[in-house]
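Same chain, two partners: chain A is paired with chain B first, then with chain C.
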Partner chain A sequence: MDWLLVIFGLLLLILNIHISRTTNVIPLILYMSASSIIITICYLLMDAPDVAMTEAALGACLSTTILLCCGEILKKENLTKHKLSFISLIGCITLGALMLYAGIDLPSYGDTQTPLHQHINKHFIEHTQNDIGITSFVAAILASYRGYDTLGETTVIITALFCVFCIINTNNQDITDHKVGTKTNSVILSKITYFITLYIVILGLYIQINGEASPGGGFQSGTILASIIIARSFFKEAIDIKYFFYLSIFGLLIYICAGILPVLGGFTFLDYTIFSAHHHTAQKIGIFIIELGIGISIFSSMSALYFLLTNFIRKIT
Partner chain B sequence: MHLIDIIGYTIITIGSFFILTSILGLIRLPDFFTKIHASSIADSLGIPLCLLGLALLQHSLINSAKILGIIVLFFVLGPTSSHALAKTAWIKRNKRQ
Partner chain C sequence: MIGQTIYIIAVLICITGLYMVIACNNYISKIVGLGIFQNSILIFYIALGKATKGIPPIYADKVDIIYSAPTPHVLMLTAIVVGFATLATALAIAMRIYKRFGSLDISILDNS
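Our next item is the complex of A and B:
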């Protein structure tokens, strides 16, 4: 499917050039969402469904939702159209040509004889079934071989939430004390949201639990479950934001507990062999616990991010 | 190729014809409310037909059942999004006048 990838790549290029030349705000946000959808398709064509699912949930859906709320205030200002400057055009073309010239030496797409695929990836592909016993290589590397890095990833998302909170909380009124959410008077939308909540909870939990066998895991399911909270916030009084902060730290604590328990038992940090006698069961129990921690913390972080940003926008308009 | 594969591919082709119709309507129709009608055709008829064809092409029954579940999701949420767009546009137009 190489030619299809080339077509979508060219489409992405044209769309992004058009994005950089647009000045209306709402079409700009929708073009950025369309760009995220096109790159999701490119990830699927490159056989990476995990990345595609995460990009679709976060880039095409959640970012667009938050940006559309911000678009309300930007509509009143006019984005200026910059004149085409000759010197910057020459600079950009030179830099692009240099990068293309450096890219000639790179290995071709899908080449298996590169050093990357000969040593460490070969070890992972050959030894995953014996060491860990789950069918998804991505989940095995993410949760077991490189579980320490995933701890860092989850911490990064919680840190981003707290940074946004520190920047936004400027007027000496504690933003976590307000119940947030607007109310809409539409009967149809409230009934449909009430009906679809259970459906999406089942979908989110299915993706969470099947992280070991199919594309999914904690990150994707956290975002999907956060979308329920965002949808329900239009019709009911939402929960206090501070509970989401506590919940995100709680998710990280679950992850760290799965790491500290082996240390108390005499093993190294994040060594799952303490959880059971049989080797494969111990790995599966360990992966389940850390995916639970990741799911809880991503769910609460995404909900709290949405509420912080949109509540801030509503307060200053 | 079995008969059910041929039926599946035919249904996917019919579904993609409806999606093309929706795109044509989105470009050519004049007003915003008519464009909402055009885009809802892809949501309610085009994509479920493509998914039905895909469900017929699967090799195991569990995968087909999961795809039919997604079709139910589209039937519920497609008209809802059209309604949300139309209602917001109606309220804003009444406020402007």
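Our next item is the complex of A and C:
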């Protein structure tokens, strides 16, 4: 058993129990962000760099930004629990005991003789170099073997964007009524943002393009590039939000085009062999196209989600 | 028992999140509790995929290499992104409730 992982796991447990007993909103959200960071380290210790990067970008950074904007409304309130919360505590502990009893014969941590490591994972690990030819197994499964699921995942984010837009629109406002950004004249914010934008762009493009050879890909790079737009919105008021809506649909359309083109050529949906004669090159072209679509879509959806929520909160306070 | 410590920790974090969803009076606390609940499930799945003396699932051109299983990583990537989408939608609904009723506390909302 990995002792470093046990130490971080216990730290995480203590932090989460403390979260459940906090009485102010802002410390609650910041402890949640700290919990996400510790979980990122745990993922790295469990050999999952892709998941760690996504958790750091989405869980520790973007979730905290959105929660903090909403939590700022309640910063003077006291968080209480039900009068009868003791009964629910007994119920939860009973449920936990039942789950632990059901998990008595779970395999030991790191056991390789379990069915999880035998059938489909063994197939993916043995056949990826021959079938697809890229070095990252996770990117091969995400973009090629299970590309259909990733299409659904991108659609979920765009659906969430439109759901938030429909929920927040009151009195049938037009989409152009949402202005992106505030007009503060802060010199510090503008200078720091202009300085750091170049580095964020280089990092985001690197993670996007190297998604098939190393941990990374469209989801992580889209979120990192969205942080530029969010930082810019603190001091400039220029972009119309409807462009982000168009851009997110455009990203999804790129993904679907990579699936429809093989159908028009006589193959099945999302079969990349149409793109080139050599099958490794064809897979790489297909994966590059869909990662591009995912990156554009996630970039615009994350930015637009942040703007919709913060604009609405500014209007109601 | 020692080899299953991480699973025990995941279950305990899970019931902490569930307790927050049930017992807290405030909607933001409930949403945060839902996030904690979801994080524990992700830890459990990723811990299942680890192989002893394994390396992250990126191809290395050496002999006798053991890789950690890549399929749980792919599924949990999707889960994190979908979890963020549900968080944003839940917050939008909570903000509409705040705008209409002026409070996010259940004990006040029940009486209005």
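As a working rule, the second predicted complex is superposed on the first by the 305 of 317 C-alpha atoms of A that agree within 3 Å, B and C clash if a C-alpha of one lies under 4 Å from a C-alpha of the other, contacts with A are read in each partner's own complex, and residues count from 1 in each chain.
What we mean here is this: a residue touches a chain if its C-beta (ideal position, glycine included) is under 8 Å from a C-beta of that chain, and two chains touch if they have at least 3 such contacts.
Bear in mind the structure is a predicted one, so any value in this text is a computation, not a measurement.
Peer 1: After lining both complexes up on chain A, report clash or fit for chain B versus chain C.
Peer 2: These partners fit in the superposed model.
Peer 1: Between chain B (first) and chain C (second), which, if any, makes contact with A:121: first, second, both or neither?
Peer 2: second
Peer 1: May I ask you to decide whether A:4 touches chain B, chain C, both, or neither, giving the answer as first, second, both or neither?
Peer 2: neither
Peer 1: Per the overlay, which chain contacts more chain A residues, chain B or chain C?
Peer 2: Of chain B and chain C, C contacts more residues of chain A.
Peer 1: Angle at chain A, chain B to chain C, CA centres, as a multiple of 10°?
Peer 2: Here the answer is 90 degrees.
Peer 1: Does chain B (first) or chain C (second) touch A:28, or do both, or does neither?
Peer 2: A:28 sits against chain C, while chain B stays out of touch.
Peer 1: Between chain B (first) and chain C (second), which, if any, makes contact with A:249: first, second, both or neither?
Peer 2: A:249: touches no partner chain.
Peer 1: Classify the contacts of A:153 with the two partner chains as first (chain B alone), second (chain C alone), both, or neither.
Peer 2: After superposition on chain A, A:153 lies in contact with chain C alone.
Peer 1: With the two structures laid over each other on chain A, which partner does A:186 touch: chain B (first), chain C (second), both, or neither?
Peer 2: A:186 contacts chain B only, not chain C.
Peer 1: Examine A:46 and indicate which partner it touches, taking first as chain B and second as chain C; both and neither are also allowed.
Peer 2: In the superposition, A:46 touches chain C alone.
Peer 1: Of the partners chain B and chain C, which touch A:257 in the superposed model: first, second, both, neither?
Peer 2: In the superposition, A:257 contacts neither chain B nor chain C.
Peer 1: Upon superposition of the two complexes, what minimum C-alpha distance (Å) separates chain B from chain C?
Peer 2: 15
Peer 1: Jot down the residues of chain A that show up as touching in both complexes, chain B in one and chain C in the other.
Peer 2: Residues common to the chain A contacts of chain C and of chain B do not exist here, since the sets are disjoint.
Peer 1: For chain B, which residues count as touching chain A in their complex?
Peer 2: Chain B residues touching chain A: 73, 76-77, 80, 83-84, 87.
Peer 1: Hey, which residues of chain A end up touching chain B in the complex?
Peer 2: Its residues touching chain B are 186, 188-189, 192, 195-196, 199.
Peer 1: In the complex formed with chain A, which residues of chain C make contact?
Peer 2: Contacts found on chain C: 2-9, 11-20, 22-26, 28-29, 31-33, 35-36, 39, 42-43, 46-52, 54-59, 66-74, 76-78, 80-82, 84-89, 91-96, 98-99, 104-105, 107.
Peer 1: Mind pulling up the chain A residues that touch chain C in the complex?
Peer 2: 1, 5-6, 9-10, 12-13, 16-17, 19-20, 25, 28-29, 32, 35-36, 39, 42-43, 46-51, 54-55, 58-59, 62-63, 66-67, 70-71, 73-74, 77, 79-82, 85, 88-89, 91-93, 95-96, 99-100, 103, 106-112, 114, 116-117, 120-121, 124-125, 128-129, 135-138, 141-142, 146, 149-150, 153, 156-157, 159-160, 163-164, 167-168, 170, 214-215, 219, 298, 305, 308-309, 312-313, 316
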